[in-house]
Structure formats: C-alpha cells, structure tokens
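Naming follows writing order (A, B, C and D), and every chain is counted from residue 1.
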Amino acid sequence: MNGPQDLGGQMGFGAVAPEKDEPVFHADWEKRALGLTLVAGAMGHWTLDESRFFRESLHPADYYASSYYEIWIKALEKLLVRHGFVTGEELAQGRALVSGTAPKRVPNASAIAASLARGSPYSRPMAAPPRFKLGERVRTKNFNPAGHTRLPRYARGRLGTVDAVRDGFVFPDTSAHGEGEQPQWLYTVVFNAAEIWGEGADPTLTISIDAWESYIEPA
Amino acid sequence: MNGPQDLGGQMGFGAVAPEKDEPVFHADWEKRALGLTLVAGAMGHWTLDESRFFRESLHPADYYASSYYEIWIKALEKLLVRHGFVTGEELAQGRALVSGTAPKRVPNASAIAASLARGSPYSRPMAAPPRFKLGERVRTKNFNPAGHTRLPRYARGRLGTVDAVRDGFVFPDTSAHGEGEQPQWLYTVVFNAAEIWGEGADPTLTISIDAWESYIEPA
Amino acid sequence: MAHDDSDHHHDNELDPMAARVRALETILTQKGLIDPAAIDVIVDTYETKVGPRNGARVVARAWVDADFADWLKRDATAAIASLSIAGRTGEHMQAVFNTPDIHNLVVCTLCSCYPWTVLGLPPVWYKAPPYRSRAVIDPRGVLEEFGLRLPQETRIRVWDSTSELRYLVVPMQPARTEGWDEERLAGLVTRDSMIGMGLALEPRAA
Amino acid sequence: MAHDDSDHHHDNELDPMAARVRALETILTQKGLIDPAAIDVIVDTYETKVGPRNGARVVARAWVDADFADWLKRDATAAIASLSIAGRTGEHMQAVFNTPDIHNLVVCTLCSCYPWTVLGLPPVWYKAPPYRSRAVIDPRGVLEEFGLRLPQETRIRVWDSTSELRYLVVPMQPARTEGWDEERLAGLVTRDSMIGMGLALEPRAA
C-alpha cells in the first residue's frame, strides 16, 4: 500500500539526528516491546510480512508521531485482536477477560534462544529457472495495490539493470495476507538516480532495490 | 517539495466522512483563523504560493494530525515570524512585546470587502506564444525540488495530452520563494489512469492537472 | 483586545486552538498589523453571503438557457460574472459539464483549492486527506461512499485543481423538470453535485 | 503478573507507552500466550551478546585475509557463519565493499530492515523518517550531516533493503594499519562505517 511507511524521496521530516553513544534501549518498555513482538510472532499465527502490513496500516499521523517501538506495539495489539488472541476490552482494561484463540506454540526461554540463534530463512527452492539474467535491462512495473508490497513508490515504472540474481524467496505481497508463500526469484535491480529522481539528481548516485520476479518485466 | 500535502494516490487515511448539514464553521476560532489568514495576507508581504509552501512545510505528523484551519494558523504564525512581524516569544506570551516589520498596508473593513468582491487575478499577459497546442502529446517532467511546486508526484514523468491551452499565469515555483511571478503559459493536461496508476487502474478514468509550461516537454 | 467582554463568557475553557488563535489576533491587533473589523467582514461574507446557492443559480441558468450554457462553457468567469457573482477564488472559472457519458469530479490533491464565489468555503471532507488522496486513484470507491453508484460504462474525469483555475461541475438536469423556472431548478442543485460528488436532486426529492 | 514488585518502585509514574506495554504483557501472560522469561532472553541477547563488534570482526578478517574477503563477497552468509555469527535477520547476508571509487550506503525505506547478527539492533536514526526518506534521494546531504564529505567524483551506491537480504558495508582499511592484527583492526570499525554512514577510524583516532 502507498502508506506512511513508503518514505523514499519524501520530504519535510527534518535532519537525521544521530545520538552520541546511543544506548541499545531508551527505556525499559522498549525492551519488553521488542521481546513481546518476537515472542508473540513466535506463536506462529502470522508472518513477518503481515506484521509489516499492520505497521504500515497505522494512520499516517500516528505512524509519523510514533517511535519505531511504538509502531511495533500498536501494530502488535491490532494483530492480536485480528487473530482473536485478545479483545479491545482487554487492552482497555489491561487484564485478561475471556479466552481466545489457542496458540500453536508458546516458546519458552530456551526455545527462543535457539530460534534467535538459528534464524528463519526466507529462501525457498524454485522449480523453474529465473526469468531474468545478470546485466539484463528491465523495467519495474507500475501498480498501486491496497495490500502489502515491497516495491517502493519511487522505484515503480523505472528502467534498471539486473545487478544480481538471488534465490527464490517468499513473496511478501501474498504472505502478508494469508495467501501463502508463493516464492519467486529475487533480483537486485539497480537504477541511475536520474531515472528515478529526474532533473537535478546526483549524477554519481545509483540506487538498488531487491525486486521479486513479478515486480519486473523486460525493458 | 514532496511534502505531506502531496496526497494523490496515498493510502491509509480511511474513509471520506461527509458531515450531514455541515455548518460553514465548526467553532468560533475557525472564523477568526480564516479572517486572520486573509487580512494578514492582505498586508502584501507574501504570496499565496508562499503561504502554501509554509503549510506544506509543517512536519508530516503535524500536518496529518491537524484540521485545515489548524494548518493555516500554524503556517501563518511561521510566516509572520519569518517576515519579522512577530517573535516566537510574543506567540508564547500571547501579547506584543517588540516592534517589528512595518506593514505595507493594513486594510480596513471596507477595503477587505472590496478586495473579496474584486478578487486578485493570477493571469498575466504573455509576450511569447504558447509552446504547446491543443491535442498535442506531452510528457510531464520528473523533478523533486526541495521548494514549492504544483506538479504532484503522481503526475511526474507521465505521458498525456494537452486538453486546453489557458493563459499566462504566475509561476508558483518562483512566486513561493520571493523569486518573482515569472509567468508561464498554463495548460490542462489529461492522462489515462493506466498511465498514472498502472496495473488495475480504472479503465474509464482520466485525470487532469493544470501544468505550467516548464512542467512539460514534447512527448 | 480584539474581542469585547461578552465574548469571554463561553470561553472559560478555551480549547488550545481557540486560545492560540485568540493570542495571535491579540498580538497582531496590538501591533496595528490588522483591523479586527476586517475579519468580521470576511466571516460575515462567507457565513451569510457567499455559498452554494450562487453556483446553483449558475447551473439553473445553464439548464434553461442554451446560449448561457455555451457562454459558460467558453468563458465561465465572464458568464458567471454576468449573474453578479465574482470575487476571491473565482477569478479564473472553468465549468465542466456532466453528460450521460462522462462524469466530472473536482479535487485539489495539493491543498484545498475550491471555487469560493460559487460554492462558498469548502466542507471539511474536501480539505481532508481521505478525499484528497483517494479521489484521483479510486473515484468510484469514493463516490460509492457518498451513495452514488455510476454505471460501469460512464467515464469519469477527475480535475485536480493544481493551479488558480477553479472548477465548477454542471450536473445534468434531472428528468421531468422541463418547463421549471430557474429558481425552482436551482433548488435541485446541491453543493456536492457541483463538486461532482453527487447528482442534482430528482424532482420528488427536492 | 509479568513483573515482580521490585519492578514497580521506579514505575510510580509510568509514561503512557510503558503502561501500554506493561498491560499487553500482563494480558498475554495471564492468557498463557507467552513466557515472560523468553522476553528476558531476547533482551539479554541484544543488550549484551549481539552487536556491532560482530560486524567489526567480520570486516577485520576481510582486511587481513584476502581469501576470506573473496568468500565474503561470494557468500556472505556462509563466510560470516564461519566466525560463529548467525541467527535472526542474518539469514541472507550480502557484503558490499567500499573502494576509492564507490561508497556503499544501506537503508530500508519501507521499514527498518537491518543486519541484527552483525550490527545488533538498529539505532533510532536508522529507523526514523528523516534517514529513510532522504538516504535514497540525497545521500551526500545526509552523509555531510554525519560529518563525512565524500569527494565529488566518488560514486555512491545506495542499497534499499526491500527484501530479507541484509547488507553489511565493508569499509576500506585505513592507511597506516598494515601489519595490525585482527583485534586491533576491529577496533577501527564503527557501526556507522558498516552502514555506510561513516568510514573506518584513522589509527590516531582509534
């Protein structure tokens, strides 16, 4: 969706403000927010892509006024409600009131430690060979779905070059909406800045995105 | 600028919510906000385009959380400070503390009434003939200025047709920044929705913008 | 101070914007930068004098007078001025005519440009992000939320008001209103129909 | 309850987000949906175990070992795993090498994708709108705000992390560090230099 998350090339947010000797967390609640997001995800009822979709579905005023952990928590609440684990009333009262969806699993400390160490790969074996090859000129598609996509608005309908053919990867546009992994070949596609930003673009700049096969077509 | 004002095709703002029997104003302060904006503008120290630039320069979180009259007032305060009429300290204290810029004029009630009735045309005589003609195929330029422009992001780099050749008009991109009126021919340029929105666009939809001559080039 | 004491009775609990606007008016008045009476004139103008009834008069005239309709199509500013309607944000008018084949819709994606002289001040929804973001990409969806389901074959033309041109939609004259006089016809012309977010009223609904 | 009483002493005035997160953890714990001890493990991992020192080890090894550098270029995930660095959001690593001709910069315009295994959790600025919006259109401007003015002829390549690939920038080895051992070299490798928002430290500054 063309939501508040799609920030490339937007203006008006001010200067980048690095913090000297920034701590890993700025408050205790941030620690719990990170942990809650990961352990709730580990129940196995939604994908990372669905989490991202719920985050970008926050109202833009809310998204831009929130820190990233705030965004995570607001989206997590909505995910939990959407999947029947908690109710709005429970969130309002701050305590459990009714039984809800039964979790597929509730990882304990050692299971979580193992899963952090292991990670969860998103690459998938592909039966068909990749359609595009290294160095090929391609054009990204132009589309504006209401659902989740990882093709940023600034990179739509642009002429670029396949800079790398990666592996098969879970397709976010379906995975975010309970429509399965439907893996596709992933490519790194590189563009000259002038192709994207037009007049006044930095002539020394190239920009790449990682694009699933259905995002691109022959130039 | 690619600021919060550039809303065409953005998502996540929810349903359009018409109000049954909506009053002209929703609070007394809205009346004064409208009037203040108009009478302060009538001092003659900034253009309508500069006002618009100050509105779209609000932080996106602020812009999207504000009603339109709130946006007007926040921008008006900044304009007044920028032009030396008031100070931040005066705004904080709610009273005049120092003398500031002398206004070019302070219209009274009858002068304002006359100016509302008269309006202020933005058309200007042009020495050169228009470069483009009715029915001509043109492409809008792609650029991403940090300053004010009236070419929306969704309509950049698109192939369209000149639907009307208008008049010479004050050029907002300079007028907003104290760089003069520099009038240009204005055209109405119409696009098929598929040219703008790509896959899934409504096939019965065309969209037009009003484009200054420097926004377009021969297709 | 810009307000007399009688104003203060219902302001015991000013909301933050009310307080902020009051403070700004106070400062500008103290500094002699504005005449508060000029604000009163503006408010009175748009609260009581200028509104969608102006546009309805224009549309009704176009319905009954083919020559006027033609003039309105060619030079809307002059045609509208002939009805003594002119002024701020009506300096450069364009009239766009609905037909059975094409439905016109007006939006200002970049701010809130709107033809004040014929429609008055814009409603909140016209100025707010949902309409401004969606009208250019999903006009049918927006129209349906307003209760208007256009035939699939009707073409839609969206006019994004990116310049100082101001657009007035001339809706189609409803059936079974032949012979009505202008004033009666004007009663069928809603504000929304002149933005393209509705049709003129049917006679029975007027 | 997820917290014992000792936690409450400094929470007499919980800010709204702290209260909100506390409430959510309470509900999920009461419902048996989570194990709070699992959260402790996560916090401990990213607070004390996983951080940019991991990435610095990778970079330093690449500086001293051409074969490793080549492996890192071809298969970063495997090369990094050979140093016992692996895990969540490090499943699909790509290493991109700065040269005198090209400077690499990593951003995630769409959210906050970041190579946790080698850099730890991302800093606030990396996740916030100013960086995400500007890095792809004005990287030189952003770099200058970080105090890094690149030569005009240096090309810049921005990698927008739109997939589950995670990018690690390998900065150039500073001059006058020939013969340094890996540990000493690793001390020159800052987090920012592995995002592309800085260079490795000069020897005198380390």
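Side notes on the structure shown:
Simple rule for what comes next: a contact is a pair of C-beta atoms (placed from the backbone, for glycine too) under 8 Å apart; a residue touches a chain by one contact, two chains touch by 3 or more.
Just so it is clear, the model here is predicted, and its values are computed rather than measured.
Shared contacts of subunit B and subunit D, meaning chains that touch the two of them, come down to A.
Distance from subunit D peaks, on a Cα-centroid basis, for C. In whole angstrom, the spacing between the mean C-alpha positions of subunit C and subunit D is 53.
Averaged C-alpha coordinates give centres for subunit A and subunit B that are 34 Å from one another. Here the spacing of subunit A and subunit C, counted between their Cα centres, is 41 Å.
Centre-to-centre spacing of subunit B and subunit C amounts to 17 Å, using the average Cα coordinate of each chain.
Each of residues 9-11, 13-14, 56, 60, 64, 144, 197 in subunit A touches at least two other chains.
For subunit D, the set of residues that touch two or more other chains comprises 129, 137. Remark: subunit B residues 5-11, 13-19, 22, 24-29, 31-36, 38-40, 42-43, 52, 55-56, 64, 67-70, 73, 76-77, 80, 85-86, 90-91, 94-96, 99-100, 103, 106-113, 115-123, 150-152, 154-155, 166-167, 169-170, 186, 188, 190, 193, 196-197, 202, 204-212 touch subunit C in the complex. Contacts from subunit C toward subunit B in the complex involve residues 2, 15, 17-28, 30-35, 37-43, 45-47, 51, 86-92, 109-112, 117, 120-121, 123-125, 127-134, 136-140, 142, 145-146, 152-165, 192, 197. Chain contact summary for the complex, subunit B toward subunit A: residues 1-4, 9-14, 56-61, 63-65, 141-146, 153, 156-157, 197-200.
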